[in-house]
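First subunit A sits with subunit B, and in the next complex the same chain sits with subunit C.
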Partner chain A sequence: MAMVGFLLLAGAAIAGAMGVVMQRNALYGALSLVGVFVATAVLYLTLSAPFLAVLQLIVYAGAIMVLFIFVIMLISVRYEESGEAAGVPGGMKRYVAFGLAGLFVMLFVVLSFKMAATPGTEELGGINELGLALYQKYMFPFEVASILLLVAIVGALSITRRHGRGLEGNVALEERH
Partner chain B sequence: MTLGWWIEIVVKVALMFFIVLTGVAYISFAERRILAHIQSRIGPNRVGPQGLLQPAADALKLMTKETILPEAADKILFLFGPVFALIPAIVAWSVIPFGESIRLFGRDIALHVTDVNVAVLFILALSSIGVYGIFLSGWASNNKYALVGGLRSSAQMISYELTMGLVIVAIVMLAGSFSLVDIVHAQAKVPFILYQPLGFILFIIGSLAEINRTPFDLPEAETELVAGFHTEYSGMRFAIFALSEYANLMTVTSLATLMFLGGWLMPWHSPAWMYPLWFAIKVLILIFFMMWTRGTLPRFRFDQLMLFGWKVLLPLALANIVITGLVVALLEHK
Partner chain C sequence: MAVSPALYQVLAAVLFSIGVMGVLFRRNILVIFMCVELMLNAANLSLIAFARALGNVDGQVVVFFALAVAAAEVSVGLAIIIDLFRKKGTVDVEQVSLLKG
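The block that comes next holds the complex of A and B.
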């Protein structure tokens, strides 16, 4: 039972990962990535780490990928613009089907939480253990990582800002508000 | 996993489907009647006594309508979009408890499909996946109004979900658990609304935005976007959006009841079979409040919505966490 579940989930994750690389349509690629995250989340669930699984869904599928797809939709990249003919690649439907299969497998497994639990691994994914490890044992690396991310954000902002219009442009923007 | 366990689960899931779908049908009917009264109209009162069979008539009509597939739409996503919206909305109900366990046919039947120890986060995760349904449908329609509606909904949901998540952090600090059953038990003496009045207000505002209701119904603002993300939809696929929207309304109000109003517990003692009744009454009061809001408030402008979310609600929610954390820590050390 556990093996079948693992093979299904792993298959869905791999199919999704292939979809990310092979899709011509950027939006379908991003959706395949969502499929990968969902399949991984369910894998965590079968390993008795429900907290990690839910965080995976909230952070990756729910926030980061929404942002990705937001950008894709905003600049509306479609396969027509990648220099290819407008035809739909034959394999596409298959990948989407795989992604959907992953989603449904997730829902099935979620509904049978108790069934999938493997005893003895609770200390790996429990909320208390995770919190204590993050905020006491690994406090320093955790904070360093968050500052690193902050630096990356500031760096990305300063790189993308147009030169020459630098400060004055921003001041003008603020005055308009 | 005996046969009895399987039967129990199947019956519970079927019952939950029934409760959610009838609930959705009659809440939408109630909303039409209540809004009509607020606006000095009568509302649907022709089908059956007091119009009570109206939802059935609506369902019949919508199911027999043609599904129109726009020429330029992305076929697969256009057809699957509503499904993505509906599934998370219904699955969320698998972790919502109605009361203590009841003894029936010689078995202790817990009044929820499954008690997950991260139930609150699970619902939050599902609601953030529900966004996909809306903005993929908007994008797949290949229509500028639908696209703008979809984009707005994703921006809005990301912003307001953050506030809701932070409010939940404070609740979890008080209860010491992510399980909804434990959170209700932690309110046996005092419901958390008395400890967390600010949190309650923030949660209600955040959930109004999360489920796209007035004054935050910008994704489908009729006067500027025709119907927003579901402009191109017809028939049953259109109905599915309404269905998931009302299912989400029931979910967030239930969540607010469980986290702030003491769930099925009342200040006085009552037998266990009354618990689901108390729970339903509290949820219905909150739902009525949301309908009342819809009949009263005008819609935000989009920039106001963003400023309000990020510059008012988010700092308040953060302050709420800091204060709650301080008080909890001080009380523990005393």
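The block that comes next holds the complex of A and C.
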């Protein structure tokens, strides 16, 4: 029973991932990526990580993908229609890509079947244990993560700002006047 | 029948490899960025599966921090992409080759 569920979720995740790579329109690719995130969130539930499953849905499927779709709508819809961005480049790149992908799969398979010797059915304490680890053992990295997010906000703002013109240079404001 | 932890690693490997292929195949920088997110997600799945297999919560903590870093990375990355689009008028990576000798 657990096996059937795992195979269904794995199939959904792989199909979604293929969708991200294959779709010509970036917007459909983004929607496939949401599917992958939802499937992996359910997989996290089966791996006794309910907190991370919820976090995955809120942060990835919610916040990050909304940001992505916003930018795609802003930039890329017109661009994709001209058909320039899609399509698979030929030549060496293709062989390098397939070779690398095969290598990764083989490496992981060999390593993970070595790992499979370990028991693998131990229960984790759930959100309790995770919270204690975060606020005791990993207190300092936790605070550093908050600084990282602050720096990212400031960085994103300063990158997208139009330099040296202030608010007067803002096209949207100018059009309003 | 319980699912072997190895199968989760295989799934993570397949997802990661699909992400690598996307990064190398596609020319739309937004799609490349989404494939990077896919690879991050595969790594997270691998970490959580190992955390379960070893009965140790540290793997889940690493995934927590990976989520925070991914959020920061996406905000800065999309800002760079928007700036690039303003300056170049394209999101095709083949057209952005200023540093090519």
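Here is the rule we go by: the second predicted complex is superposed on the first by the 114 of 177 C-alpha atoms of A that agree within 3 Å, B and C clash if a C-alpha of one lies under 4 Å from a C-alpha of the other, contacts with A are read in each partner's own complex, and residues count from 1 in each chain.
Following the convention adopted for this analysis, contacts are C-beta pairs under 8 Å (C-beta built on N, C-alpha and C of every residue); 3 or more make two chains touch, one makes a residue touch a chain.
As the structure is a prediction and not an experimental result, all values here were calculated from the model.
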item: First, second, both or neither for A:Leu55, with subunit B first and subunit C second; value: both
item: First, second, both or neither for A:Glu129, with subunit B first and subunit C second; value: second
item: Touching partner for A:Leu8 - first (subunit B), second (subunit C), both, neither; value: neither
item: Touched partner set for A:Leu43, first subunit B, second subunit C, both or neither; value: second
item: Chain touching more of subunit A, residue-wise (subunit B, subunit C); value: C
item: Partner chain in contact with A:Leu74 - subunit B first, subunit C second, else both or neither; value: both
item: Subunit B versus subunit C as contact partner of A:Ala63, first or second or both or neither; value: both
item: Partner chain(s) touched by A:Leu100 [first = subunit B, second = subunit C, both, neither]; value: both
item: First (subunit B), second (subunit C), both or neither touched by A:Ile153; value: second
item: Shared contact residues on subunit A - subunit B and subunit C; value: 51, 55, 63, 67, 74, 93, 96, 100, 107, 111, 113, 115
item: Residues of subunit A touching subunit C in the complex; value: 1-3, 6, 10, 13-14, 17-18, 20-21, 26, 29-30, 33, 36-37, 40, 43-44, 46-49, 51-52, 55-56, 59-60, 63-64, 67-68, 71-72, 74-76, 79-80, 84-89, 93-94, 96-98, 100-102, 104-105, 107-109, 111-113, 115-116, 118-125, 129-130, 133-134, 137-138, 141, 145, 148-149, 151-153, 155-157, 159-160
item: Of all residues in subunit B, those that touch subunit A in their complex; value: 1, 13, 76-77, 80, 87, 91, 94, 113-114, 116-118, 121-122, 124-126, 128-129, 131-132, 135-136, 139, 147, 150-151, 154-155, 157-158, 161, 165, 178
item: Residues of subunit C touching subunit A in the complex; value: 1-22, 24-28, 30-31, 33-35, 37-38, 41, 44-46, 48-55, 57-58, 60-61, 63-65, 67-76, 78-83, 85, 90-92
item: Interface residues, subunit A side, partner subunit B - complex; value: 27, 31, 34, 50-51, 54-55, 57-58, 61-63, 66-67, 69-70, 73-74, 93, 96, 100, 103, 107, 110-111, 113-115, 127
